[in-house]
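To keep things simple, chains are lettered A, B, C and D as they appear, and every chain counts its residues starting from 1.
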Amino acid sequence: MLTPSAMPRPALRHETVLLAVVLLEWLCFHALGPRFGTLENSFDLLRHSAEIGLLALAMTPVILTGGIDLSVGSLLGLCAVLYGKLWRDAGLDPGAAAGCTLALGALAGGLNAALIAGLRLPPLIVTLGTYSLFRGLAEAITRGADTFTNFPASFLFLGQERWLGLPSQAWLFAAVAAAVWLLVHRTTFGRACRAHGFAPEGARHAGLPAGRQLAAVYMLSGLIAALAAVIYTARLGQARADAGTGYELLAITAVVLGGTSIFGGRGTVHGTLLGVAALAILNNGLVHARQPREVAGLLTGALLLLALAAGTAPRLGTAWRARRAPHPSPS
Amino acid sequence: MSAPLLELRRLTKSFGGARALRGVDFDLRAGEVHALLGENGAGKSTLIRIITGAHRPDGGTVAVDGRPAGPLDPRGAHQLGIACIYQQPALFPDLSIAENLALRLETGGSLRRVDWPARHRRATALLERVGARLDPHREVRDLSMPEQQLVEIACALGAGARIVVMDEPTAALTQAEQTRLHGVVRELRAQGTGVIYITHRLEEIFVLADRVTVLRDGESVGTRPAADLTEPELIRLMVGREVAQPYPPAERPPGGAVLRLRRLGRRDSGVHDVSLDLHAGEILGLAGLVGAGRTELARILFGLTPADAGTIELLGRTVRPRSPREAVEMGLAYVPEDRRRHGVILDLPLAHNASLASHRRLFPGGWLRPAAERRFTEDFIRDLGIRGGGPFAPAGSLSGGNQQKVALARWLATGPRVLILDEPTQGVDIGAKAEIHRLVRRLAGEGLAVLLISSDLPEVIGMSDRIGVMRGGTLTAVLPRDATPDTVMAAALGRATEAAR
Amino acid sequence: MKAWPRELSVGLALAALLGALAVFAPGFFAGPPLLSLAAREAPVLLVACGAAMVIVCRQIDISSGSQFAVVSVAAGLLAAEGWPPAAVAAAALVLGTTLGALNGLLVAGLGLPSIVVTLATMVTWREGLRWWRQGAFVNLPDGLQWLGLDQTAGQWTLIAAALGLFTLLAIASRHLAAGRHLYAVGSDAEAARLAGIRPAAVTFGAFTLAGALTALAALMNVIQSPQVDPKSGTGLELKAIAAVVVGGVAIAGGRGRLAGVLLGLLLLATVAPALTHLRIEAHWEKAIQGAIILLAVAAERARGRPA
Amino acid sequence: GRAPDSARDAAGGGKRLTVALLPKSKGNAYFISCRAGAEKAARALGVDLLFDGPTDTDPAKQNEIIENWINLGVDVIAAACENREGISTALRKAQARGIKVITYDADALPDARAFFVNQATPEGIGHTLMDEAARLTNAEGEFAVILSTLTASNMQEWLKHIRARLAEKYPRMKLVAVRPCDDQKDKAQTEATTLLSAHPGLRLLMNICSPAVPGAAEAVKQAGKAVRVKVIGLGLPSENRRYVKDGVTDSVILWKTEDLGALAVEAAVALAKGTLQPGATSFRTATGATYEVKGDQILLGQPFIFNRDNIDQFNF
């Protein structure tokens, strides 16, 4: 093991390494697949990564507080089903149904919040429970079989068409990304999230409103998951209980690839965005390179290790960090 | 004369760009207490962390018994008979006291069987030796700062080492424990053990040390027999200049009562029936033995462990803070005694740490204003003489004393009505201590009410307008400012009969 | 007021569930099916023990499901090649240990975060296996099932082996210095280093042991049926981690007991069959499972929140 | 586009066609078998075959792959749809770009494809399963269904027809439970074990996803109920041979999966070359076989029922 002082100073920020990886990927696939770089394909890339991207954005502040939200994928499924219910069975118009779905998503996030911030239960267990609960509710509501479809074109516009030259959901995604970036990097809220992630007791002693803080973060996560559900429904033109299965892991992958420490405190929103981009380009590009899906999986694994090894190992070296966790710990 | 027990030659060590040690020579003889002095950030802890193998030096040699010991690691140092009490207790919060001791003391392969009864017996014996009445089954996370320090001391004693290093062992200990520790140190010296002793309480040097080495900015400014030195000389060696009169006098008499406590208590923390008035502009010192309940009282006031009995009246209104956030909104501020766990957030930059409690004041509307924050940080770095990194160095990279200054800066910036200081100058060097004293006195002069909890008896007596003494979870006496150490100790030990009120 | 220990609240939840079964569906307690179910969960117990060790030393391993599949398929193929059972078992153990050690090397040696490392190895092994085998089942030779014992004896053997190993590990984690080192490193790695423990070695050991346990678990699963499904073990890591954290092991390391893990696993493994016995329709199952997890952990706060 | 549409041009210009074949999920033995047939056909026809799909069933992922293929510029897409409505959006888009689309195994909405290569109608499958179940149990007693997941649309479709047939023809039979096995044999074994003990009166286990058939059979065998409880399902002969021979599994229903894959490719190529036109009533493959076309569905033929007597004739 490296002793703290023997480790080199960080040569490059993790985000820089990741940016290089993203560019490299782009060039590589551009060379391999003649149609990879087309505008068409770039737009599709954007559309395909919107939902995972949103979930990853939602997850970033959560992980910064030292928590985790395993329930986002299931909540996406539940919200998709709720949206279908509200529109088809309750007869709301698509806009109103979307509004209600967002509120319900925040409410569901509120359940996580109540258990984590109110009862001070560990986030991992709570969201493991709601991971199952939300998916289960989605299945119970539809009995597993019901599919909502035939949404009006005005709603599908949101997922399938372009607005001002870009896929419509790209605008929403950009707005959420900007909002989360500002929240995390430019407000006292984000600062307090980090403080809590590094040392919950220390943050409490500083008089930070730990409970409210955590509650807000998990409710925000619910809200964004609901938004992702609406976009997902609009993109596929259908809502079903299995929507978003396994997305939580993809979102977490993007976040940790983006350099956020799973133990909290450390991480950036732009890192997360780069992480999302790296994974999305990989998945899309390999189709253009005519490689089977499994290769995407294998390369995801390799990419995770390489990017982190390049970016994290030197950063672990700052002695004060290593002093707290000289054996490996996520950075 | 035989080879010294330990001999360091031209040790150098840098952290990134910062040079903590610039070629230090040091030696320790068997059967001596060698004091290591210096300002905050002078490199004392770095030096001993090299001795114990916690850090690897960049250059220089370490010799034990005249034989060069290659670069040490903690295990190797342990085998050479080196034991250490670290400035930051290096304990396992999730494990019991007995196990903490055992992990540091037991040797042998990792496939050996663990003898729990023996562990507990040994722990009980060691705790008794340092005078700590602690149940060895208790988890360390539940211990208060001084209790942790006692466990650390027990660790160092139990090791039966030939070289014992103590990095500010008494920072959070009261007179009684301190005296007891001195006895133990003398005992070790008599057995031929070499002791390296670091402290910022100069009075300890003269009762304990045989020789003194002073570090300044990572260099040794000389080693002298303690008997040849006077306090002013020592200070000049450390700081390089004279330090003004240590305790500034009160400028004007206290005003009206800001804080009234009546029969305040909380069952599970053992505090009960505390009645007390604290006036604007007054510094009320709180003395007592470890476990007397002073910290617990502060935690009650600050809403960390809300009261379940009695009343708190703040500026004429009855309040009961249920969380630190509420307490802060009411105008309370609390500098906790455990700075590593509570006082600062080690991974956050210094600037973020210092502004953490004043977000509303510094950043109206919740938007960060980096420029304002930077100015604010640079101001207090200058005022408190914080050394070892700019505004964006992580707090954890500062030396212990400098971290303490950051913890203080955070709360001074909030502009509170009542300031509770729990061991505010633990580990702070003499120069900075005087600076802090002046600052606190000035704030009091501006009408702030200060509750000063300190185990540094001269400090309590020197700074306070009145001195409260706690024992067994309640306030047993309030002494006037001309109390002597003896009367305070007598009250703390329960020998006082004239409970002046 | 102190909160209940997690073991107690999980135990209560389990007791409540069993009570409901005793009243409404006593058929649950019929011997042979229960034995079969227990035998099917025996491998999971071993994986959960491995996960517990890793979590106690403040790491996480989410690759165990994929390791399980790789070892299962490899063992199956070797057996189909005609290797004797003992050789198959030895090879599987070596393979599992190697996979675990690889995680350990990346985490402890290179200092990479364990969530990332095991996420990477998880997808790598799973996708690699899919690429290689294309989902084909492996048919095992006759005579490998139950290792030639009769079925009941085989099932008892598996359960006894799993419980025996569990007990050994539980004792070791309390009464062996190495076991305590896991807790020490998980509690504070720097303090452990200063106490002369080598955190990297301990972490490496935990991952390696977890790999070995996963391999054993895979073997115990393979001998329960005459075919190996390369998808086996999908989601196993989540089940194991759920059992561990529900059983009261702190995800931040240093705290928790294996006894709690056993209780947690029993609770989780009872819920699904219980719902079938209680005639609850499948589409309610996940919701109820989630609710039970939440209730079980919320119960520990029932006596009052620690201030 | 920047680059010449090499693949698309090829359709008219005599260069190699690219056929993209989308399974519901990869790593599933059923689709592996389809792929084998498809590859044979592709080689015979001299076309390029792209076979790719999500690693786990996921409608969103299927859409993404199709949209990627659109950008990639394949000539024909043959899709097995995890979810009818969801995928139709993407398939319509492909058609709008001039890519020919057919579906196989599981259909999309009719306007999203030209033809559906139908191995058996959901109705046919449901009825065959139910009839076979009734035959084996003398049309009385309890039975249970194990499926892959509750949300898989073809499972629900089959289940619907199973229930309809049950209500219509077999009043003395009762469907007591429907359990998912997540497409895992091990989980199916556990589910079956639980079902056997929770429903002592159970006479038959009907497994409508392929890994569940051997899983359920093993559970029945271990419970010692091979005689009393019948096992049937949709599965591959290779995975079930042992149990069918042992008399644990009574019948396995399947069509020739390799032929399905091959037919899908044949039809796709014919469609792209214009030799298969809407309104055709029969389809003659390049290898000379003839299939019936009913409306916009190309029929593979009746499913087989594998049992003890004929299982050795099949090796997939």
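The criterion applied here is as follows: contacts are C-beta pairs under 8 Å (C-beta built on N, C-alpha and C of every residue); 3 or more make two chains touch, one makes a residue touch a chain.
All of these numbers come straight from a predicted model, not from anything done at the bench.
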Between B-C and A-B, the pair with more C-beta contacts: A-B
Between chain C and chain B, distance of the C-alpha-averaged centres to the nearest whole Å: 45
CA centroid of chain B to CA centroid of chain D, Å: 72
Euclidean distance of C-alpha centroids - chain A vs chain C, Å: 28
Per-residue multi-chain contacts in chain C, two or more chains: 127, 130, 190, 192-193, 198, 250, 281-283
Sites on chain B at which at least two other chains make contact: none
Shared interface positions of chain D, touching two or more other chains: 26, 55, 150
Each pair of chains that touches, named by its two labels: A-B, A-C, A-D, B-C, C-D
Touching residues (chain side chain A, partner chain B) in the complex: 3-6, 9, 186-189, 191-192, 194-195, 198-199, 201-209, 211, 265-266, 318-321, 323-324
Contact footprint of chain C on chain B as seen in their complex: 52, 54, 73-75, 78, 84, 86, 90-95, 99, 102-104, 106, 108-114, 116, 268, 305-306
Interface residues, chain D side, partner chain A - complex: 1-3, 26, 50-60, 63-65, 67-73, 83-86, 88-89, 149-151, 153, 156, 159
Complex interface listing, chain A residues touching chain C: 1-2, 115, 119-122, 124-126, 128-137, 139-140, 142-144, 249, 252-253, 256-257, 261-263, 292-298, 300-302, 304-305, 308-309, 312-313, 316, 323-331
Chain C contact footprint on chain D (complex, rising order): 26-29, 31-32, 55, 150, 177-180, 182-186, 189-191, 193-198, 200, 211, 214-215, 218-219, 222-224, 238-239, 242
